[in-house]
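You will see subunit A twice below: alongside subunit B first, and alongside subunit C after that.
What follows is the complex of A and B.
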């Protein structure tokens, strides 16, 4: 479809426009770079879940069972999923919008607090009619949050102060400031034992939408997705912001005022965070309580990062994290895994998304191994088996540590055994890395693993542990693999020499 | 109140200042190693939490606080190694990775708190904390006696670490390489030194120091691990690092100053209840000072090559 056709189509009726929109979406989805991004995000989630299952192993929980209940919890309570996603969409959009302009708004948390404080004040101090009141609260919340974001924006634009540092510092300032305002010494305390404001007037509350907790804020959040998408992709301001984000100097040369755009972007970003806070106060809490936010601003960073800073990506990522939270509750109730597992998963997702090259490295090396498998299956299959064994060693090493927990007393021998298992687990990772990337000097790691397993076995016997036999069997197995690796290496070298001759 | 109070009070504030400054200075020095090498490390908070938890857990099991310290340093360094792998080896975004480290550190330590002590919020009290050193000769001198007479070895180590860091950074080949990795990595590369390894070692040292700072919170100054017990100290350490202009003695002074504000807060809570309503504002001061310092005075200049992954030029 070329440009003239598109503009013709845009002029004709609304059906045509929807068709165009779907076509554009389809084009976007099939676009290789978009697909690559999707694969990266998806692979990051999978890797994070895998590593989290290792952590659950250490902590002594059953990861399989935990994930099953996580999924059941998420899919059976869609209203809860959307409820958790509602503020995350807005904080995620906030971080993503700033990022489009090349800014890292790490202080969404502070803007959220300031915004929610302002909304709460508007909500209980001023009486307004039914529809106007919530709108006014939301507006004032967005403006207050926006101002809190605008300050670091100005400082960045005109004084060169790095926004990561200033927003972070202002974020803590905001939490302390709002904490003081509602404390027993502050002006907006309700007189109870808890530092909080009096409840909002009924007219200011957001009406419930579906289920127990889901409120109309969700609709607002989704409207915000459309609005930010429109702003970034369809307006002059959005275009300028993106230009500044790509290269501020080039944008300046092209006649764009980067400083003004930076300040506006930070202001808008703060406004979205403020909106998120107001929505939560008006829909869920009903009053401002000191330190109420469970890290929604921080989670916004996670959401934006996973959603690759695109509005629709943010929506998807927020729903995903909402699912994690909702499912995490079920996981906690049924399997007993603490709810903090969810933040562990989140942290790991962010770490993997931060470095897409990890996934590239995995995929590329995997490809080369499987390609060379067709030509000569001998050497690559040793690599494949060894790297899988490396992962198995990691799992077993971690599993063994948990078996030590159940021993009646914690003695020095057991501590030493645990240390050996930790070393074995680290070695397992090393073996995987070394064999997966086909390093030539890989064999020695195998031998070392065999030696460590033997030591572990001896220590288990001394310390009256239960898994001495497993350790010895693994020692023998790794030793045999080391021998095979050596022999095959030797054979290959002689074969190559024969070929040369 | 008694006549002798002012002197006592000053001495007491002095002692609290040292105690509160120790984790800040240690983590701040850690941040310096990382950022001097060109890797932004906002994950200090996560690494401190990791150190605090590991120190408490290992001391709880082995009843030996020195092993706890060792494990805390290793755990902080381990988490930093993850940051190094993501940022240096795989050229990821430093700030995104740092956020991941914070989230992971906070989540993991709270999770393990429940696993180890089977309760929420706070772990069991640890009886074998790091013993304080009593220096007899100066114990009864006013002011100094209170601050230095009974002193934790980690507080002493803070001063040692500052001097040592200054020496390492400015007087040894490693320090030169580290600074080069942060200022001008391509020069370092052409001198035949691996930029990646230099940076990675800087990041790992930063994690070790942050872990030690965290350990001081749980088994030096306090005696239990609590959920999110660092309470933003990792960020104040970051502020101290910026305030101290990425130099060891600057960080020491900034850390002591922020520690002093903390000490003042405690002093107000105990001696001047009338001022208590404004305690939050004193707690705000370090954060606001950094914003003012960066925004208005603008004297902090980070290393030039910071946050820029170094890509080796391809061989033709």
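What follows is the complex of A and C.
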């Protein structure tokens, strides 16, 4: 009876804990600052897709179709998405963990190479039984990567060498060193045409999990998310690291040895990157090949930024980027958009996340426009329509340039027309900016656009282009909007004067 | 210009993101040519109101009328063009630049014509050389007219705090301000410098300038202001004439209840020596010796006050005792343990607690929750840590103990999970004090423990310190506020230029201590 009571108590204890955990999670999700972060990330993604679609327009691709196939590709091949995400989770965690301690580990790539090299050597030089062998490889890979991060950590803590410089330099060192080790002059070359090691023993490989490429490394990566979350939030070490990262003076005042914490954080960060490299070698490549990584370490930085340096955010960001890569393949095969477009999107996402003021500016001005719409619909709706027209002008200008490419002969007249369209496109962006921020002198930009469209139309006629009509229509349209702006402005002023009288 | 008021702010509302009301329907009317005191505790909304007037913040509702004219300020530039100048509590100066460079910053006089306000003018203004000579002449003229003597070519970093404030005032005059806002101008000055400042302000009043003085010090308000507006919790309590009120009335308006100024601390019964400092020498961060051979003792159950103008070695003295800075020479002994050049953790383990002078920079991690801040310094050992080798945080115990401290020290917050940066200054300091005093320390090093705090929080913290003294802690109190040192201390050491120049009893007069703080040692002894 006593025993059953005890187990009941235990159960309720565990139940209580799970309940607390869920409550804590719910509280975190509904927290305004968390929600703001989420909106920011989401808006950044949308903006990045918009800007990327402009680039695709210039290059002559159909962005709508491209995005449809990007989405189809991502959702139809979830195994590929997770496969691409697997190493990104770890390198993202690596950068995020260092950042929690106030450090920028730019050298995840190098730590990844050193880790993967160590794991490969363990995998083909030493024979061990199954289960033990992969674990040993992962451990040695993590240790090697960890040491590669620990050194810059020590230099930072005790010699003040800035970690951005040292980790980046050590990155190049690592890539070149491992490249030499497997080259025809190096000790670990397999004798083939390719600079690589002999294949790993079968006992060292990570078994596949689902589909073609996804391997059990994913499980490890997800365990790592839990582990890093636990480390940061539940341990004394994590507490001290965060304290050092947020306020080194207060940490020192509180008796925390910031040097020790900096070195350890860099070591752990390197270890996670090393683990990422080992996983890839053992799960995908089966051997170490020189320059094998497609920039997984560098991408870790972007993953950490998008994930706001929180372990769960990193997991989500890594899966998102995995989706981009998996969908990018489909987009490339079906629509013909180069696979590099994915990197462009990725870069733009990080740009917008890192520059929250852009999104703040958009949201704040949008709010004021819609708010003042209720009181007095004339002026704000002119602003709104003109802003949208600005974006339309940008799109059309870019589209016109691509239509000029397709002409049979490209004369100097056409070149001049293209130049005018470039100006028009730039003007489109400016129109959006001045109307969205409700600048009083915005009308002049609209008038200038009307003039430019007219010039473009004339040039089209001279150069026998096909879009003269479109240009003239737009010239008229912009002119009318400018007129309306002026006219309504005048009317409002007189109306106000009447009111006062 | 028909209005008799220079500034009218009518029914001003301001809410900060997160729903904090800074101003709720505040109306402030300042007559032309008067010194108007804006009085209130910290967090009452004084600075917010003035930042709205100066164009630094937008208001949610309300009207601003300057000299009878309705105005809309989008930035301080607009306010400056209407003749408003503001001297901030924390000076906005660039130390390596000269006085004249700092004064002209943002409105540099250039050779030749002005090129208009358009984009071309902007570019030309950025490219043309600065007419420094003209600026210098103008500054000298301003200085002579107002008795604000200063060397225009001196570098700001070589000047005293009082002179730096003078530069800020010249800056506003250079921009032709006739409405001056001064935010807590005396908090960094010596008593003598305060007197000088008051003389200057009285001159300004004679010259017809309007002055708004933000302060929470009653003595200043009564000495200088013609009329006084009191704010509490973002609301207007009232505007009174100086001649129709008293410090007690004002204090009651500020706090909402009667306040006792003198702390009744009882007689101390000193025990054994807890802190012993012998011939201590410490260098500051620039490598200059700023503590030049200090020796003193603090006994259990005694408050030893260190009075002095800031920058005379107090900071380095405190850092050396608490383990944050290694002394170059000398011995520090706490409770018979030699702690010279030991780590902060070692010194804390011996039984030292430290209330640092800058709570935001050192005492707290603002991005941490209150809970996390309450365990800083003891987070690594039970009851806050558990598990193998005390590696894990014991969240349950942390919750219990921090909730207990929050209620015991009446820290005003929605929950102990709130971030420290959401607290007001007084409550932030309460978090620091709660954490440091919760362990019954043998030695408390309290540096500027009530700086920038309102009357209520100051009272609370002073009483807490006295309670700790009566319970047998040794307390080293370092403060720039003479009243505080005199009120609390059982013995007072005056620090000047890195040395303790005199040790006096608590009955020493402020005049005597003021002279000692200014370095006039011979005259007194």
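One rule holds in what follows: the second predicted complex is superposed on the first by the 484 of 501 C-alpha atoms of A that agree within 3 Å, B and C clash if a C-alpha of one lies under 4 Å from a C-alpha of the other, contacts with A are read in each partner's own complex, and residues count from 1 in each chain.
Throughout what follows, a residue touches a chain if its C-beta (ideal position, glycine included) is under 8 Å from a C-beta of that chain, and two chains touch if they have at least 3 such contacts.
This one's a predicted model, so the numbers in the text were calculated from it and none came from an experiment.
When the two structures are aligned on the shared chain, A:71 is found in touch with neither subunit B nor subunit C.
Contacts of A:126 after superposition: neither subunit B nor subunit C is touched. Looking at the superposed arrangement, the partner reaching more residues of subunit A, out of subunit B and subunit C, is B. Touch criterion met: A:179 reaches subunit B, while subunit C stays clear of it.
Once the two complexes are overlaid on the shared chain, A:104 sits against subunit B while remaining clear of subunit C.
Contacts of A:355 after superposition: subunit B is touched, whereas subunit C is not reached. In the overlay built on the shared chain, the residue A:162 is in contact with subunit B alone; subunit C does not reach it.
Once the two complexes are overlaid on the shared chain, A:147 sits clear of subunit B and of subunit C alike.
Overlap of the subunit B and subunit C interfaces on subunit A comprises no residues. Residue ranges of subunit B in contact with subunit A, taken from their complex: 40, 42, 46, 61-62, 82, 85-87, 90-93, 95-97, 99-108, 110-112, 114-115, 232, 235, 238-239, 242, 276-278, 280-281, 283-284, 287-288, 290-291, 294-296, 298, 302.
In the complex of the two chains, the subunit A residues touching subunit C come out as 32, 234-237, 239-240, 242-243, 246-247, 249-257.
On the subunit C side of its complex with subunit A, the touching residues are 18, 322, 324, 343-345, 348, 354, 356, 361-368, 372, 375-377, 379-380, 385, 390-393, 395. Remark: subunit A residues 55, 59-60, 104, 106, 152, 155, 159-162, 164-166, 168-170, 172-173, 176-177, 179-180, 183, 185-186, 298, 301-302, 305, 338, 340-351, 353-358, 361, 410, 412, 415 touch subunit B in the complex.
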